[in-house]
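Going in written order, the chains are labelled A, B, C and D, and every chain counts its residues from 1.
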Amino acid sequence: MQKNMKKGIIKIVIVVLVFILAKFLIREGIIGAYTERIIITVGINIILALSLNLIIGYTGQLALGHAAFMAVGAYVSAIFTTKLNLPFVPAIILGAVAGGAAGFLIGWPILRLKGDYLAICTLGFGEIVKVLIQNIEYVGAARGFSGIKLFTTFGWIFLFTVLAYILIKRVVNSVYGRDMRAVSQDEIAAEAMGVNAFRAKLLGFIIGCAMAAFAGGLYAHYLMFIDPVSFDFNKSTEILTFVVLGGIGSTSGSVAGAVILTVLPEALRGFGDFIKTYRMLIYSIMIVILMIFRPQGIMGNRELSLQNLMKKGNTFNIKGGEKDGIA
Amino acid sequence: MKNRLKKVVALVGTMTLVMGMMTGCGSAAETATGTTASAATEAAAEGETIKIGAVVPLTGDVPALGESAKNGYQLAVDTMNANGGVLGKQVEIIFEDDENQPSKAPTVAQKLIAQDKVVGILGATNSKCSIPMGPICTQNKIPMVSPTSTNTKVTVEGGDYVFRACFIDPFQGEALANFAKDELGAQTAAVLYNMADDYSKGLAEAFMESYTAAGCSVVAEESYSTGESDFNAQLTNIKNENPDILVMTDFYSTVGLIAKQARTLGIEATFLGGDGWDSTDLVSIGGDAMEGAYYSVFYASDDTSEAVVNFKNSYAEAFDGKEADGYAALSYDAAMILMNAIENAGTTDSEKVVEALNSTDLDVVSGHVTYDESRNPIKPAIICTIKDGKAAYYTTVEPK
Amino acid sequence: MALLEVKDLGIQFGGLKAVDGFHMEIGDNELIGLIGPNGAGKTTVFNMLTGVYQPTDGEILFDGSSISGLTTYEVTKKHMARTFQNIRLYKEMSVSDNIKTSCSVRRKYSLIDAIFHTGKYYKVEQENEEQVQKLLKMFGLEDKADLLAKNLPYGDQRRLEIARALATEPKLLLLDEPAAGMNPQETEDLAVFIKWIKDEFKISILLIEHDMKLVMGICEKITVLNFGKIIAEGTPKEIQNNPQVIEAYIGRKK
Amino acid sequence: MVTFFQQLVNGISLGSVYALIAIGYTMVYGIIKMVNFAHGEIFMVGSFLGLFAVSVLHFTFFPALLFSMIGTGLIGALIEKVAYKPLRNSPPITLFITAIAISMLLKNLVKTNFLAGPNPHSFPEVLSVDVFHIGPVQVSYIQIIVLLTAVILGALLQYFVKKTKTGYAMRVVAYDKDAAALMGINVNRTITITFIIGSALAGAAGVLVGIMYPRLEPTMGTLPGLKCFVAAVLGGIGEIPGAIIGGIVIGFTETMTKAYISSSLADAFTFSLLIITLLVKPTGLLGKKTFEKV
């Protein structure tokens, strides 16, 4: 018991230290408003990548409509704060609950399907949500929902990103995470070993959708304006590239993918037009090459975590799931 | 033990690298005295140039508009610098690409303000980017002039630092409605718009509101979503109603397609539209179906007024013979309005520049500009028509 | 009361009656063999018992209650586990995780426990870990705990699949051709190994196998299936010189 | 009542366009069980090749159609060789993500200024634009051409798959790739041929759509691509006649939704149709039942 406790405390101390350091840098203006905005975007993208990775990486279900759940969370939380004047945190939690409910609603029928059909149906669902929002005048339809109060600050983002990471690690390292992975490996064998495959898939899907909705809430209260078009298929593909580049089925991989693909374009903003204009072309070529030579992405299914560092042996020891019981 | 130590060092190394990368690309210019942005503008003023930021959609789904806007801004700054610049200093314009995405516009605006220390921002081109950008400029007390965003929310929700150089949807809708009723004597209208596009839907609603208020009737209201190319279903319903005019409030490429299908289906109504039609490609896609159509626009390319002719010539000269479209003209005007305000204010201090902007009284390419209390310009709308395959000036609708 | 009672079990795929009138009784701690030529319907019987296929007629009583119509994981919850003819391990998961997944059938905690790492979470994880270590030691796999299942040699994969089934604490273990692809020496060890499991875990085992030496050696009762029908039942000795069985396997002497 | 027949004609003409693209989808999926997500983009490339042939090479309709079919066929084969072949036996997720990446690649490649550039282009009039009146209902010459081409190409393809040797090889590969290899069938060659034919069909559809709706832009392939997958699934994936029927049904429902229910919800209806079909009858109208042997 104590060994786990000791490691837990070390991790908490490190996290708090990093937070204080960042806060100090901001107050001193070393991290300016522009970089702060990038860090907030990185935080939101990390939560999105983690949530999609739970569905694609761990539960093995290729869901292509992830931006739709982000939209549900964004719009529901925006309605609560702007129209009903609810405080920030309850509003985004309600947004996440709505996202989870939408996940259940669409997951229940669709998760009986396999592979390609599931992918296209989730994609179809994404388009349906976009069209529905475009027809709801209450939220401004195609003209977008503006005048949302600014709540998302660096502090909230830091807290929620760390919480999201811990939540995913704990779900993945629990009985539920193992059931999900077993189902993604061989559904029939998992059922023979007493795992209710459908329930495991549905649970992974609901948690993933709720988290995406939560990220949507943070996004809405940071940008203060949301419109249906920004949650279309391109947004879903963007989140997919974070997970794919980082490594399908690796939690720290998703974090790495989200950080790199968010910071890179901003860091390159200064350099020549070539990269800027052909950015999407470079990304697509990169993915094709990646899928052929390194389908597991940068991190593969390895985990870079403090746990491995403390242990003897290499940082990237290759093993199936996360061994450490703690985040 | 050594092995573990090496690994810890590696992790700490990568952490600092990532932090460094982030702070590096962010703070290079920011390590000024950490003061708020507006005070920083004084510091910049002492420098040799006045920096103005411009947010344009260079990539994304409408790069053509971005290019016109960039050329318009550049031409205005070059002309201004040619005759002595502003407050005796040369003007330097810094372009940033918002990819026509609402999430990108505020980030690049923040970059221009925090990193490049601009004294004013031109843009964004489309309303959906200007709306989220407005509050950022107001928070940082940096004046913003959008050339072509017609959605009312841009100034209403943008805050006191947000201005625009073009008329707003309600005015354009009203102008079109009155023009249809008085000039064309049309009593019944059908409206076909892209319900997935904020500009198209906004203008359509504005038109319908004014048209019904003026006592005429909208006999058919049909819509479609982006990317669609078959409009026969909607057009057949419209043909059934046999309206006097068919109003299409979308961009030139879709309008050309609809017009062709409408004529093939045998719809004889006159076609009416908004500033989205303003492009040389309208006729190349629409062909002779566009003949005799009317559309409101910021500026008529064949207008004979001296300001327009000079602008067109210098534009063609600067950009190897390219023809200036409405987006280029309005971007040029927006830049002129901002620079003129800085000149009148005598300083780059934003409060004074905003005061100067509010009291703008300037002749620009798209007509005479003065601002009302919600910082929208009181400007005429120009109606053009397509006569034997070319856009021709028809009339001007003065604001009430 | 017998542990497993199967009465008049049958299934029809389109026109073909794959299995017809199958009956069987298995008491506590018995080792029963089910043999028959290829395509006799052995695996189909397995799939009906474990809920993979829904039988068209007949009744399956297990541990006192009917299980015909239940899904596979419900059958496993009622303490009947199985292995597969061609090994179906979780290839990309570690050996220990393969086994630990089955432990959750018996011991589970709520999602809230998992997220907030409550006392119950640590207790259950600890128990699961102990059971995994116990099974790993018994099956000689403890030093391969962290290897991916796909990287194990064939023999170890077979044993891991049995270990994984045993982790669900079954009362009846169904083994589907465990000796497939093994040389005589390995089959010999497997026979001893199966007998040891039966005594060590006090469970009943239903064994499908082609290797006569293995089946005749360790099974107490044998049922012979041919073209979906039972053609013989009894002790190994009776089966060996039963004319129908010989005919089914070797064909009639002219 | 007149409008109903006119809408019927509109529906069938739109449906025949979808059918033309769906045939390619269903063929590729039928043979190697892979949703070629980039199929919509190959259709777009077909339109641009047609535009290039007509405006730059001054081809008339038929040579331009052939030019585009050959072009897209080669591109299809190239994509299969470079991107899909190395992943032949990797998990479906990797293949699907590669297909999405290829579609992004094609879209952005055509968008570059070296090729077509981002702005819409117009397709010059190659076929006569006149219109026939059958009573009050009118049908344009192009609509008839598109319907005829869809039916003819569909019949030709059905004949090819059912009667010729290569067609036979395709059906065997569709049934069991590994067994086919054991039987001496050159699986790689068959799959490449499938891609060539599928892509060529998409190219033909591209040219016809370019003529019918003369606005071409790099993003025009995504939406039709999606709808034609719905058509292929509705008709029973892998069944060529199914794809044609599926295409007509999708075109019909979309037109009727726009005409009588609400033109802004049309797309939502199409996609809900997909989800309902897959839940009620996953194999689609004509598809065969397949299940995994334990």
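The rule is simple: contacts are C-beta pairs under 8 Å (C-beta built on N, C-alpha and C of every residue); 3 or more make two chains touch, one makes a residue touch a chain.
Quick caveat: nothing in here was measured; it's all calculated off a predicted structure.
> Suppose you hop from subunit B to any chain it touches, then on again the same way; how many hops at least until you reach subunit D?
1
> So which chains are sitting against subunit C and subunit D at once?
A
> Most remote chain relative to subunit B, going by C-alpha centroids?
Relative to subunit B, the chain whose C-alpha centre sits farthest away is C.
> How many angstrom lie between the centres of subunit A and subunit C, each centre taken as the mean Cα position?
Whole-Å distance between the two chain centres: 41.
> Could you put a whole-Å number on the gap between the CA centroids of subunit A and subunit B?
For subunit A versus subunit B, the centre distance works out to 34 Å.
> In angstrom, rounded to a whole number, how far apart do the mean CA points of subunit B and subunit C lie?
Taking the mean C-alpha position of each chain, the two centres sit 71 Å apart.
> Would you give the residues of subunit B that are in contact with at least 2 other chains, written as numbers and ranges?
Counting only residues that touch two or more other chains, subunit B contributes 195, 225.
> Quick check on subunit A: which residues sit in contact with 2+ other chains?
Each of 131, 134-135, 188, 277, 280 in subunit A touches at least two other chains.
> Note the residues in subunit D that touch 2 or more other chains, in rising order.
Residues 222, 264, 267, 294 of subunit D touch two or more partner chains.
> Using the touch rule from the top, collect the residues of subunit C that touch subunit A in their complex.
Residue positions touching the partner: 50, 52, 71-73, 76-77, 81-82, 84, 88-94, 97, 100-102, 104-105, 108-109, 111, 114-115, 117, 121-122, 124-125, 146, 148-149, 164-165, 167-168.
> In their complex, what parts of subunit D are in touch with subunit A?
The touching residues are 29, 33-35, 82-83, 86-87, 90-94, 96-98, 100-102, 104-105, 107-109, 112, 222, 226, 229-230, 233, 264-265, 267-268, 271-272, 274-275, 278-279, 282, 292, 294.
> So in the complex, which bits of subunit B are touching subunit A?
3-4, 7-8, 10-11, 18, 21-23, 25-27, 30-32, 34, 37, 58-59, 96-97, 101-103, 106-108, 110-111, 113-115, 128, 131-132, 135, 140, 151, 153, 157, 194-198, 200-202, 225-226
> Would you tell me which residues of subunit D are touching subunit B in their complex?
3, 6-7, 10-11, 13-14, 17, 118-120, 122, 125, 129, 131, 138, 140, 209, 213-215, 217, 219-220, 222-223, 254-256, 258-259, 263-264, 266-267
> Show me the residue ranges of subunit A that touch subunit B in the complex, using the header's touch definition.
25, 28-39, 41, 130-131, 134-135, 141-144, 146-147, 150, 219, 223-230, 259, 263, 266-267, 269-270, 273, 276-277, 279-280, 304, 309-315
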